[in-house]
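Presented below are the structures under discussion, each in the form of structure tokens.
In what follows, chain A forms one complex with chain B and a second complex with chain C.
Right, the complex of A and B next:
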């Protein structure tokens, strides 16, 4: 009995210590992140690596999500005789929700895992320890540029996702099914608010960028320095950042659009 | 700082990762300009000792003193300043796999100095030449052998001409030729650069050929120390077992365990 209580206590303490460790890591990462901007070349290199290479999957997914939205949206709207609102429906769904969320999920799978594996393997090869011994702080030199690059890349990728999605919906809705092009675009133009809809979507994707980058870097940095440890860490990154993105999305949506 | 003071000293140091101390009470001194070897079996805490010296770990009690500074008491900034005066060669080189051999050696120069690209190029080629690998400057770390990787790492460790060089198992897993090359380099670079070197290793012949002084670690303490000649003449059973690689001696062949009859369930 006493043993069981002691075990629960030990678990709880371990968890708390873990949270504290993560929080300190995050605080330090935030503290050194601005210093990465003083070396733009490192950030640009990572931006290319993280952002550019996620572009193809983001673009293709955006296109197909747009196709499907166009089809589904049309079937539902035409029952109420308001098929010309298709543009508005598609744009709002993409800009407010699907753009930021789906691109964050894809980003976690594409870029997050590669960040985790890279950091984990650098640690396993003692590269991070070697850097410390060369009096170069790996937090500043390795982690901060990746963090900043991910936070910059995320909203851009989400914007590209939404834009391509709208083009996809236009292709299906206007070109294929024959919804009136004029009302497709004009309803969209008058119904989407720059600050409330687009702005909040951007805020969301910036938050998701923070979340995905932090999870990927932290998990990689704490990975056990073995092949098994690194492979586990990449899985953890996908699961943890996906769940975190979905959770944050709900909270942010409730805060942003709750009091309409 | 009087010149006869040891460059590095460790005073009644105690450290452990868990509740059990790995290093119980270690005291040793490294005179300026010498090559000192820390020897001992695997798991005797040699590598840990290097990490304590570099300030990557902190002692539980006792002191680590580098050129008059108490390493354990330094704040992050001061610690990083101190590390610029140390070069460390990791066991498997720890080269940055995404950078070429040239860029690996250039890394500390680019990070810590504002030298022009031309100057950095000249310095890197000189360092690579000192380890005989100027011709490998354009290769990637994946394209060089284990022994070459370690020489590149050595060139990188001495890029900033640090007064202290530390080697973590520089001989592990090398072929006989590379092994001799590295041993020769450690001694020659130490003397040519006027540096001080600490070599952590368990390879007896190579080490005894180059070291000025040897500390033998075991059971978390220094069990013996002296010049290679003094250790060879020692009658201490532990020293004798270590030098001759005897299977049994003060260090048992068997891990402590219940009797094998009991483990196999044979009634005695």
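Right, the complex of A and C next:
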């Protein structure tokens, strides 16, 4: 009986310690992040690794999401005789939700995993420990540039995703199906607010950039220094950052668009 | 060294592409382009019923957007809705212009139709437009129709 209670207590304390550890890691990361800007070379290298290399998957998925939104949106809207609202439907769903969320999910899969594996292997190979021996703070030298680069890259990728998606929907809706081009764009422009919709979408993607980068770096940093540990850590990164992005998206949507 | 330069160029292109996408979203998909740079002047109007009119709904004259609804308030002394209209500074309208709340299409959004009057004096900021016509509320229309039918029915026998 006492044993069972003790086990619950131990678990709870363990969880709390885990949360505290994560929070301290995050605070540390935030504190050293500005120092990464003093060495832009490292950030640029990471931006290339995280941003440019994710561009192809983001662009292609954006295009196809736009195609599908155009087709399905048209199918539903034409039943109510309002196919002209297709542009508005596509733009709002992309700019508010799909752009930030889907690109964050892809980002977690494409860039998050490689960050985790890289950090995890560095730790397994004791490179991080070696840096500390040489009085180089691995937090500043290795983690901070990656964090900053991810936070910069995420809104860019989300904006590219939304823009290409809108172009894709235009291709299907206007060029293929024959929705009137003028009303496609004008309905979109009358319904999409620059600050409320586009601006909030950018805010969302910045938050997702923080979330994805933090999860990827933390999980990689805490990975057990074995091949199995690193492989587990990469899986954890995808699962945890995807769930975190979806959860944060719900909260942000409720805060931003809850009361109209 | 050459490798570094290559990375610089690629990252620069990436950042430019991202900014271009944002610009595209703001200008082509959003309504940034429709913000008037020339400034606006604000006039007021009272309506008995504004129906489903929303803030930022367009004000159209002859079908052309000449302004937007800047704000909607309720006045509890007259029990009317006070609508603030931000009209485009490029356009001037006579003081006896009239406003009507209209609907674009059968299920479309509501907007304000502005019909220019014949007065010499032009509207300036702070003026109130007096001639207004409320939104058509479907339920009122139906009940009017039913009452008139009922009245006809009573007369006949």
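Rule of thumb we're sticking to: the second predicted complex is superposed on the first by the 260 of 260 C-alpha atoms of A that agree within 3 Å, B and C clash if a C-alpha of one lies under 4 Å from a C-alpha of the other, contacts with A are read in each partner's own complex, and residues count from 1 in each chain.
Note that a contact is a pair of C-beta atoms (placed from the backbone, for glycine too) under 8 Å apart; a residue touches a chain by one contact, two chains touch by 3 or more.
Fair warning: this is a prediction, and the values are worked out from it, not measured in the lab.
*Asks:* State whether A:212 touches chain B only (first), chain C only (second), both chains, or neither.
*Replies:* neither
*Asks:* By the touch definition at the top of the document, which applies to A:194: first (chain B), second (chain C), both, or neither?
*Replies:* A:194 contacts chain C only, not chain B.
*Asks:* For A:80, decide between first (touching chain B), second (touching chain C), both and neither.
*Replies:* The answer is second: A:80 touches chain C but not chain B.
*Asks:* Which of the two partners, first being chain B and second being chain C, lies in contact with A:58: first, second, both, or neither?
*Replies:* The answer is neither, since A:58 touches no partner chain.
*Asks:* Where does A:230 make contact in the superposed view: on chain B (first), on chain C (second), on both, or on neither?
*Replies:* neither
*Asks:* Applying the touch criterion given at the start, work out whether A:185 contacts chain B, chain C, both or neither, answering first, second, both or neither.
*Replies:* It touches chain C, and chain B stays clear.
*Asks:* What's your read, chain B or chain C touching more residues of chain A?
*Replies:* C
*Asks:* Would you tell me the residues on chain A in contact with chain B in one complex that are also in contact with chain C in the other?
*Replies:* Dual-contact residues (chain A): none.
*Asks:* Spell out the residues on chain A that touch chain C in their complex, using ranges where they run on.
*Replies:* It is residues 44-45, 47-48, 51-52, 55, 80-82, 91, 95, 152-153, 155-157, 159-160, 162-164, 166, 185, 188-190, 192-194, 197-198, 201-202 of chain A that touch chain C.
*Asks:* Please name which positions on chain A make contact with chain B in the complex.
*Replies:* 121-122, 125-127, 129-130, 132-137, 141
*Asks:* Which bits of chain B are touching chain A when the two form their complex?
*Replies:* 54, 56, 80-84, 86-88, 90-92, 94-97, 107-108, 111-112, 153, 156
*Asks:* Okay, in this complex, where on chain C does chain A touch?
*Replies:* Touching chain A: residues 7-8, 10-11, 13-15, 17-22, 24-26, 28-34, 56, 58, 105-109 of chain C.
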